[in-house]
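First up is the structure itself, then whatever we jot down about it.
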Amino acid sequence: MARGQGPAAQTGRMSTVADTRFFTRQGPFSGKKLAEVAGGEFIPAGDGSADSREYVGIGPLQSAGLAEVSFLDNRRYASLLDETKAGLVILAPAFAKRVPAHCAAIVSSTPYLAWSRIARVFHPARVARAGVHATAIVGLNSEIDSSCEVGPFVVIGDGVKIGKGTIVSSHTVIGDGVSIGEDCRLGSQVVVSHATLADRVTLFPGAKIGQDGFGFAVGPEGFESVPQLGRVILEHDVEIGANSTIDRGSVQDTVIGAGSRLDNLVQIGHNTRLGKCCIVVSQAGISGSTELGDYVTVAAQAGLIGHIKIGTKARIGAQCGVMSDVEAGADVIGSPAMPFREFFRNVATLRRLSRKPESGGGDAGTEEK
Amino acid sequence: MARGQGPAAQTGRMSTVADTRFFTRQGPFSGKKLAEVAGGEFIPAGDGSADSREYVGIGPLQSAGLAEVSFLDNRRYASLLDETKAGLVILAPAFAKRVPAHCAAIVSSTPYLAWSRIARVFHPARVARAGVHATAIVGLNSEIDSSCEVGPFVVIGDGVKIGKGTIVSSHTVIGDGVSIGEDCRLGSQVVVSHATLADRVTLFPGAKIGQDGFGFAVGPEGFESVPQLGRVILEHDVEIGANSTIDRGSVQDTVIGAGSRLDNLVQIGHNTRLGKCCIVVSQAGISGSTELGDYVTVAAQAGLIGHIKIGTKARIGAQCGVMSDVEAGADVIGSPAMPFREFFRNVATLRRLSRKPESGGGDAGTEEK
Amino acid sequence: MARGQGPAAQTGRMSTVADTRFFTRQGPFSGKKLAEVAGGEFIPAGDGSADSREYVGIGPLQSAGLAEVSFLDNRRYASLLDETKAGLVILAPAFAKRVPAHCAAIVSSTPYLAWSRIARVFHPARVARAGVHATAIVGLNSEIDSSCEVGPFVVIGDGVKIGKGTIVSSHTVIGDGVSIGEDCRLGSQVVVSHATLADRVTLFPGAKIGQDGFGFAVGPEGFESVPQLGRVILEHDVEIGANSTIDRGSVQDTVIGAGSRLDNLVQIGHNTRLGKCCIVVSQAGISGSTELGDYVTVAAQAGLIGHIKIGTKARIGAQCGVMSDVEAGADVIGSPAMPFREFFRNVATLRRLSRKPESGGGDAGTEEK
């Protein structure tokens, strides 16, 4: 009955952000409290009108109302600031003087991070509802902390360990011997086998972790599968996107380094190793036994062949095809991969040469002799 | 026992289409009745033999028998018409005179559509078998129309609404507050959260709709997830392919416009908006906050970066990498995207320049100085 | 309690391969027995020390101990052989003389295959645990051999047949009328409908087989789905990777030939036909009605358009975009596809032409006139 009737609904103007059917909501909070959360500097409204104001939620500059918090992170949206009706705006020091008079501000050198933390205060992440659902199946000798939430139709094998506060959502399958740390979030329809997960690991729905790698030998009567005898190791704070797949190692482990973020539909081959805080965007694939240093970014739909090394902080562009090692800090794109600058120079060269074929590309000139 | 023993099996000659283990079968139907269904013109067989004939199913020109209906849609298969044993053929006016004497015809200016409708009459789509399976779990305050079919091991959250005639197949998960319209078809192992589905929406098996978008800020100790507070809106008649993923918005909604069709393994980022009747072919990906107009086609494995606009009726070729806005009606391909004509001119230029390196590309000529 | 306390744990030095939480372990075995399994020639250790030695497991050259078996398959790792502590090494005849004195050897002309078979002897594949789990749902008139293992929350439709020794893992869905052969392995959360599977077929977790192909006609009010009335035929020994998708045919069948191996996140369109022993690497896609001969390799992220033919033993490179027929035995790469040699010549040409734009690509030279 009362759905959609929370505090936000009572403020008259309200953005469509954080539909109360889907998101919990806390508050209201004062601007000073929010500045504290964000680690930013609180600036009262120029006209003094905001001194006792409290805020009930967040919204974009275009639609937020007086009781809502908005933010400006991107220079090209700066003009929206002049017309916003938001009561509080988070922004970088450079924009502090453009804040309208009715509007309080939180000034931060990292406004996106500040905004993220404030949004989280209004809409906290769901915590585990302790208990194992009556329909879940748990194997022998498994140790599941009593604070965990295990959803309907979950299947947990023998000898599994799951730490405090972890959520395992419906229909997820945890194979024999798997170890999962604290405060992990496993979405629905995940399959995990032959793996260890450290703390605060998130697996989005449909991720498949630990199945056999793609390895076979040519035998007299066709291919023969080579036993895949390694594991998958997901370190602290790793996130794996929806329907992504990570194969276990063949003779060593597949390792995803601490803090790394993998998007949806990503493929990671056997024995592959990612360093700390790598980013792999959707539909990218990394073939077997390739090693990434720390802070490597692999953009969407990029592909890396197997058995190569990618240096720390290298950036692999979208749809890039990487066939050999990439140096630390390098920016590459294209298929085969080359430095960004070279790629775009090639594009320009080819456009130029194609534009006037009649007046002589080099080769055409030769033919006229 | 009686499997495979329906009317079609009794006609002697029978194509392998519509194996009776997998497809229901209705009929037989007269040619006039089928012409009516198809909205085409019925032409009796030249030799008068088909006047009382009835048809039991469909088949390709090569294998259909006298009691079956076939069709010709593609000029390059026209020679098959001369030799077909089919009793009734659907075709465009241009081919009407080539129909063999034993064969009746349905002439239509849209023969593929006509064929589709006739195939559907013989093999109607499955309708909902009203009822919630005993093993399904339904949350509090949910309103599921009594005509719906809810399969085994389905998990439906609190406050969910599902309209008339909708089928929710086994193991599918519907999150709290989700609203689903009438005559929708949700395959097995679908996960839907933070979303509203209009009428006649189809989600194929394994589709994941509404999980968090890929958004994080750089914090002092690694990446911090930015709360994703928007929704996914699937308008009327949308179809989403198997194992595809659609992330919910961060501060606005992810929207798939009415009538759009997404194939398998497609990725749609947060805040992305597709207009009406867009087509996105398998393994294509559209990054966050990009907007597509109506009737846009994105071919297989194409990728679009975030925050760009694609105009109405634009066509993005296979494997295309789109890094900037595309005008309405444009045909682009390549990575980076360029007009089709330019792309193939580039291919030709490069082939020409590479063919005779010894006789002097421009640069080689320079080196000889 | 006794987990991790098997024979390997008692040998002191032990590699991390085949974690006993995840893998069963058999043995120990003598070197001669293993040579027999591998079909290779046994060579005793040069110093005679290995005559009565038995082996408990396998490991890489770097970390294997005296009671473990290792192998050398790749010339560039040959130097590891000199320093290995392994007690037995599998290798090609060319390396037989480099084996350290403490070390026995198995010499084989196919060392990778030999290694695979020996690894399998130590760590045999799991066999079916006969029985249908109490939570599984089985339809009417289904014939499931009593030796099959059917896991928790499996849903099997009406008229399904499953042969001896097949494993159907948790949450998997088998649609009405599906036929599955002997010794198949279906992972968790697989969906199979409108399909027949021969013997020894493996489907990894999340694979979706038999859903509607992507076919629609343009109707007066938008797209209309064309009934998809074919099947999926998976022949003997086919393997399909995690979260891959194979659509059923529209008017003919989608066929995957005997012995073919498809990796994760692969897409196969309707009516597509693969010959015997094809390899399709992860994230590759093959569009509708395309035909592959036998022994075709399609590398990662390659895409093939519909209605083309790929000849026997052709090799399609990674990220290749194939727009037309490919001859038997051809090696192609690039988008659009071209012979390997041509592709890399193009890359070199373009690099050369771009390097010194100031000293005159052909076109620039022309402009100076």
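All chains are identified by letter, namely A, B and C, in their written order; residue positions are counted from 1 within each chain.
The rule is simple: a residue touches a chain if its C-beta (ideal position, glycine included) is under 8 Å from a C-beta of that chain, and two chains touch if they have at least 3 such contacts.
Chain labels with UniProt names: A, B, C = UDP-3-O-acylglucosamine N-acyltransferase.
Here the structure is a predicted model, which is why all the values come from computation and not from measurement.
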On Cα atoms, by how many degrees is chain A rotated relative to chain B, nearest 5?
120
List the interface residue numbers of chain A and of chain C, divide the shared ones by all numbers used, and answer same when the ratio is over half, different when under half.
different
Can you compute the centre-to-centre distance for chain A and chain C, using the mean CA position of each chain? Integer Å is fine.
28
So which bits of chain C are touching at least two other chains?
135, 153, 171, 189, 206, 243, 265, 283, 301, 319, 335, 350, 353, 361-365
Applying the document's contact rule, which stretches of chain A touch chain C when the two form their complex?
135, 137, 141, 153, 155, 159, 171, 173, 175-179, 189, 191, 193-194, 206, 208, 211-212, 214, 216-219, 222-227, 229-231, 243, 245, 247, 251-253, 265, 267, 269, 283, 285, 287, 301, 303, 305, 319, 321, 323, 335-336, 338, 342, 345-346, 348-350, 352-353, 355-356, 359-365
What residues on chain C touch chain A, complex-wise?
3, 16-19, 21-23, 58-60, 110, 112-113, 115-117, 119-120, 123, 125, 135, 151-153, 169-171, 187-189, 204-206, 237, 239, 241-243, 258-259, 261, 263-265, 276-277, 281-283, 300-301, 318-319, 335, 347, 350-351, 353-354, 357, 361-366
